[in-house]
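Next come two complexes built around subunit A: one with subunit B, the other with subunit C.
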Partner chain A sequence: MRKYLVAFLALVLVLGTIGMSITVFFVTDTGGLGDKSFNDSAWAGVEMAAKKYDVTANVIQSYEQADYIPNLTAAAQVSDVVVAVGFMMQDALAKVAPQFPNTKFIFIDGVVKSPNVENFLFKEQQGAFLVGYLAAAMTKTGKVGYVGGIPIPPVLRYQYGYEAGVKTYNVLNGANVQVLSGYVGSFDDPAAGKSMTNSQFSEGADIVFAAAGLSGLGTIEAAKDAGKGHFAIGVDQDQDYLAPGYVLTSAMKRVNVAVFDGIKSVVEGTFKGGTITLTLKDNGIGMSPMTYTKQLVPKPIFHQLDVLKKAIIDGKLVVPGTKEAFQAFQVPQIQF
Partner chain B sequence: MANGLKKFYMNDKIVVPVFAVITSLFIAAIVMIMIGKNPIVAYGALLFGAFGTKGALINNLMKATPLILTGLSVGLGFRAGLFNIGANGQLIIGALLSTYIGTKMIAYPFYLSIPIMLITGMVGGALWAAIAGWLKVARGAHEVITTIMLNYVAVFIANYVVNGPFQAPGGVPKSPEIAYSARFPNLITSGATWLSAGIFVALTAVVVVYILIEKTKMGYEVKAVGFNPYAAEYGGISIGRNTVMAMAISGALAGLAGTMQVMGLYYRYLGALGGSMGFDGITIALIGQNDPIGIAFAAFLISSIRAGSNQMQIAGVSKNIVIIIQGIIIFLVATNRLVKTFMFWKRKEVEEA
Partner chain C sequence: MNAWIQAIINVFINPIFYKSTLNQSTPLILAALGGVYSETTGVVNIALEGIMLIGAFGGVVGSYFTGNPWYGLALGVLLGVAMAALHAWASIRYAGDQIISGAALILLAQGITGFSLVELFGKPGSTDLVRSIPLVNLGSFENVPFFGKIFNSLSPLVYIAFASVAFSWFLIYKTRLGLRMRSVGNNPEAADTLGVNVYNVRYFGVLMSGVFASLGGAFLSIGELGQFTENMSNGRGFIALAAMIIGNWSPTGAMWASILFGAASAFNDQLQSQGILHLATNTQYLFGMIPYIITLIVVGGLVGKSRAPSSDGIPYIKD
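Now for the complex of A and B:
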């Protein structure tokens, strides 16, 4: 009897989720939906695909790291495409993906070498470089802050790109802007993000860049609480609207585009395993349009940012993404 | 009549949690109907995700293993009149120390390295908790405050260590792997999940704690201090010694929970390994009425709804529903007097009618 019941339940679930169309399951990391950055951006990509193609979109949120393997497994069992996001999921995905050769996986921020996994990496340092340069140009106190989530490679790329941007500003303009950097230790703790931002404010920073997922929302809140003259810099998505006038800009990483492209490749039958790196050049990385803060920035600085952007795209300026590369980084001669 | 009533009160350890669980499932069902979801499909998915397949059951038991131990940790503290909120920190320190020892165990056979790992984890947790016990005895600092503070200290120590001196190459905040001889054998494997022998350690701990509390002199003294410290002292029982002892045993159990994750699941210290298991222990101790066997069932209940919640999300119901269920259970158990009064009235009405 029990056996039939179980089989029946399984059937209900499977029939409920698998129709004729392609079923996509998005497995979030522990940050979950509602982080207004990384996970939300990936989900936006899934929804974009659902609107355009005959795709049913579903989501499983992970409660803790131990859920990654069970959630990926459960998702792979009932879907055609599994979207996994976050470097922290790399080990789990490497175990699960080879067991489901007929399921296609789209993985953001890490690399799993399996023919059914399409990996997307970003050159986060390029966007961080631009916001770092802007922060250095805009600071009134000569100090800017950086709040990271957990020091994993994508977040380190943000940090060193940002610091390289500040350094470039210093060299090209004969300034001496300093960077205060810290790590919260998690991607899902806005309170900790806020308290670290506040301590950077009290140490004299007036602009703080947060690359910390949900924790970074605390940085934006802190900037708003601190009032006029303080700014946060958002990450991953355009977060400027979260506190209009207090978010100077956002270093955008178009996770949604990557996820959408991945699903599109499955729909169109062009999916192939491997690694795709998105950069400033192909618009995978960028700065927010600065809807609320544009008027605060002097015109010449926008011009300088455009020149730098072009130098990065042309390969004249290689932005460091690791500690070693940053230490070896020499600011090239750039004429504005 | 009077006899029946007495029986009822004697059994309230069982009646209250069961009543709470059923009520909370019912309330959550109403919430689901309100948001336009079918509760039968959702609960079907919950059951399927918790018990439906071999993989689900394995996942469920793997989740239950550390929860049983943190539940025992907090529950034992409650019995001694101590509110140990620091199970998380003790778990982290236990896991961290046992991981460190585990990486040095390459040359040892399993029959030496496994016990060494277990003891290291327990000692780590015990020492960490004993700090709070000692502070209470020597300085009168309340354990709620000190254990919360020690949680932060433990988290930051762990973050520093796995991002720095004890980090595996590759950039993730995780330690190197422990030696093979220091790992639990896998009992059953299904896909990418497996059931480790850790579940037996947890169940053994249930029995040991039960005997300790109910059958030994030490358990009696600890309980006496928890019940009424001054009466206990008047009766010749040392408050200080028993407070530190109870904290240390409580911490040892939490440390063991962390060690289970290292030996059976991750095989290393992974950043944020602690999760919220220490705090879940409070929930579980409450639901289990601080009784070791009750705690084992409560831990299994929580792990089941957690494991099932993932499947529920596949059926389209948010994981937040599970948090609602858990919240209502805790509320009802914590206000058990309310529940009892309510049920007492019911009974009276029936009798009068």
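Now for the complex of A and C:
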């Protein structure tokens, strides 16, 4: 009798696990939910998955870097899938992931080599290149700005891609647009982002691209304050709606798609550790549809952007993402 | 090297550098003044950071629900005073450890604002844009070369901050109440013997610190941005504490120290924005240190020994 009972319980347990929904925990970086860019985008991906599949979505917010290890550990203990975002979390995840071989990790913006971690990287420089070209084409003052959060690889890819876009515009159109760039040293200080943007405006820039998380909201606010003729360029998500008419465009990085794909692979059982790089080609990177500013941009510029986009997708134009690559970058011959 | 000299000159001849200095020192001045009030009466208040945060939050909530940013300011100050009252209650009434009470209040402020943000605005992290306090337009003064660019369209809170310094200096050094505040902070037993109500004066000092620190916080949210983001005080409360100490616990000293911090930070922004420097990205870490290096030089070399009120941080228990 007891033998049957044990077998029965075991069966219930097994069936129960199969039927049970997947628990997903999203661990934010210090930017946190509500940054209207990176973290919100990742969370949108989790929610998308929760809508489509039998997935329970949870979130743990990290307020400082010291939270990463405890948060990841706590999440790994109670969930099937942990979504970890942000390059800054890489070391913490490298410590935590091997301790939980049965938990699957989806990691955005960095690489942890462990069989239970699926890493997603983006070619941010490709989107930044396009917005850089557009900024150079649209500036009236001959100067454009760049405000970064902290110089970590994904943010540097934004910076060098942007500068390469400006350089390409200069070479192809015989112009001499300058880039002013600065770092606020934080992803969550909009007041600091605003004052740096104002400094760049005062030095003659009229379009400023911010790759700085929450700090970048200060850039958008500064553009709105400065009034007509000044633009911010948003990052990660479509931020154009935050100040209609003052956000020229946004360099989009579809973190939501990556997170969704990761969860989907777990649901469908195709999950495997490794690294996936999303690019312009597979629509992981792009520009916002420019809902409020389209009419401000002359038609030929859109045509040029399309040509460049195609050149990047075809591999004719390799956008630099590091300092060394940028220094070696030669603008290829492109016919519009 | 010439590029550097040129860049530094460019910074100092740009009026926006001075404007940015004013804007960045304003929250520090207000919060540091708050610290001066509290500590002059002998109560250490490290909760400034938390009070700023709740002031910033109250400002946005009030502005969002009434549509009038001035009501927001009032609500921010009200919440700030309430938070300061908790500190006063714990550290004066119950003679608790003031550092512990202050630290607890910082965490409390982070918790309350984070929680209420979701409850009131339906999402974490940041609020939508709300109406901020209109900037002061100086009319034709705008056309005055150089100075017009500095002083036009500043937040009224900038003026309020400097007026508060003058007011506080007068109150603390020229009035009877100020004398009592100082005596209670230096020698509460003696003051008590002479018939001064030590507790009441200390309550006054701590509550005033709530007023000023929350004004500083509200400046960040509805003065600068028109939006609240989580933990937006971002350590400014602690910098304000440092400014108060460098300023030797006096309103004017705290003001100068705050301006120094603000200027260093504005200098950093403006210098990084110089196109002629062609900076390597990794040097930008060094730029972030500028404010602190300047502080070290000033504190180590120029400011003499600073002296806290002798009974600062010691609860008074009446026998």
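Keep this in mind: the second predicted complex is superposed on the first by the 317 of 336 C-alpha atoms of A that agree within 3 Å, B and C clash if a C-alpha of one lies under 4 Å from a C-alpha of the other, contacts with A are read in each partner's own complex, and residues count from 1 in each chain.
Operating definition for what follows: a residue touches a chain if its C-beta (ideal position, glycine included) is under 8 Å from a C-beta of that chain, and two chains touch if they have at least 3 such contacts.
Worth saying up front: this structure is predicted, and the values here are computed from it rather than measured.
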Simultaneous placement of subunit C and subunit B on subunit A, clash or fit: clash
First (subunit B), second (subunit C), both or neither touched by A:268: neither
Subunit B versus subunit C as contact partner of A:198, first or second or both or neither: second
Touched partner set for A:314, first subunit B, second subunit C, both or neither: neither
Subunit B versus subunit C as contact partner of A:221, first or second or both or neither: second
Which superposed partner A:156 touches (first subunit B, second subunit C, both, neither): both
Touched partner set for A:63, first subunit B, second subunit C, both or neither: both
Contacts of A:39 with subunit B and subunit C, given as first, second, both or neither: second
Which superposed partner A:186 touches (first subunit B, second subunit C, both, neither): both
Where subunit C runs into subunit B (options 63-71, 81-89, 207-215 or 225-233): 81-89
Residues on subunit A lying within both footprints (that of subunit B and that of subunit C): 61, 63, 151, 156, 183, 185-186
Footprint of subunit A on subunit B - complex, ascending: 41, 44-45, 47-49, 51-53, 55, 59, 62-63, 155-156, 159, 163, 171-173, 191-193, 261, 265, 270-273, 275-276, 306-307, 309-311, 313-316, 318-319
Complex interface listing, subunit A residues touching subunit B: 6, 9-10, 12-13, 16-17, 25, 30, 58-61, 63-67, 69-75, 78, 87-88, 90-92, 95-96, 99, 150-153, 156, 183, 185-186
Touching residues on subunit A, where the partner in the complex is subunit C: 32-36, 39-40, 61, 63, 143, 145, 148, 151, 156, 159, 178-183, 185-186, 188-192, 194-196, 198-203, 205, 214, 217-218, 221, 242-243, 323
Touch list for subunit C against partner subunit A, complex: 10, 14-17, 19-20, 23-24, 110, 114, 117, 123-126, 129, 220, 224-227, 229-232, 234, 265-266, 269-270, 272-275, 279-282, 284-285, 287-288
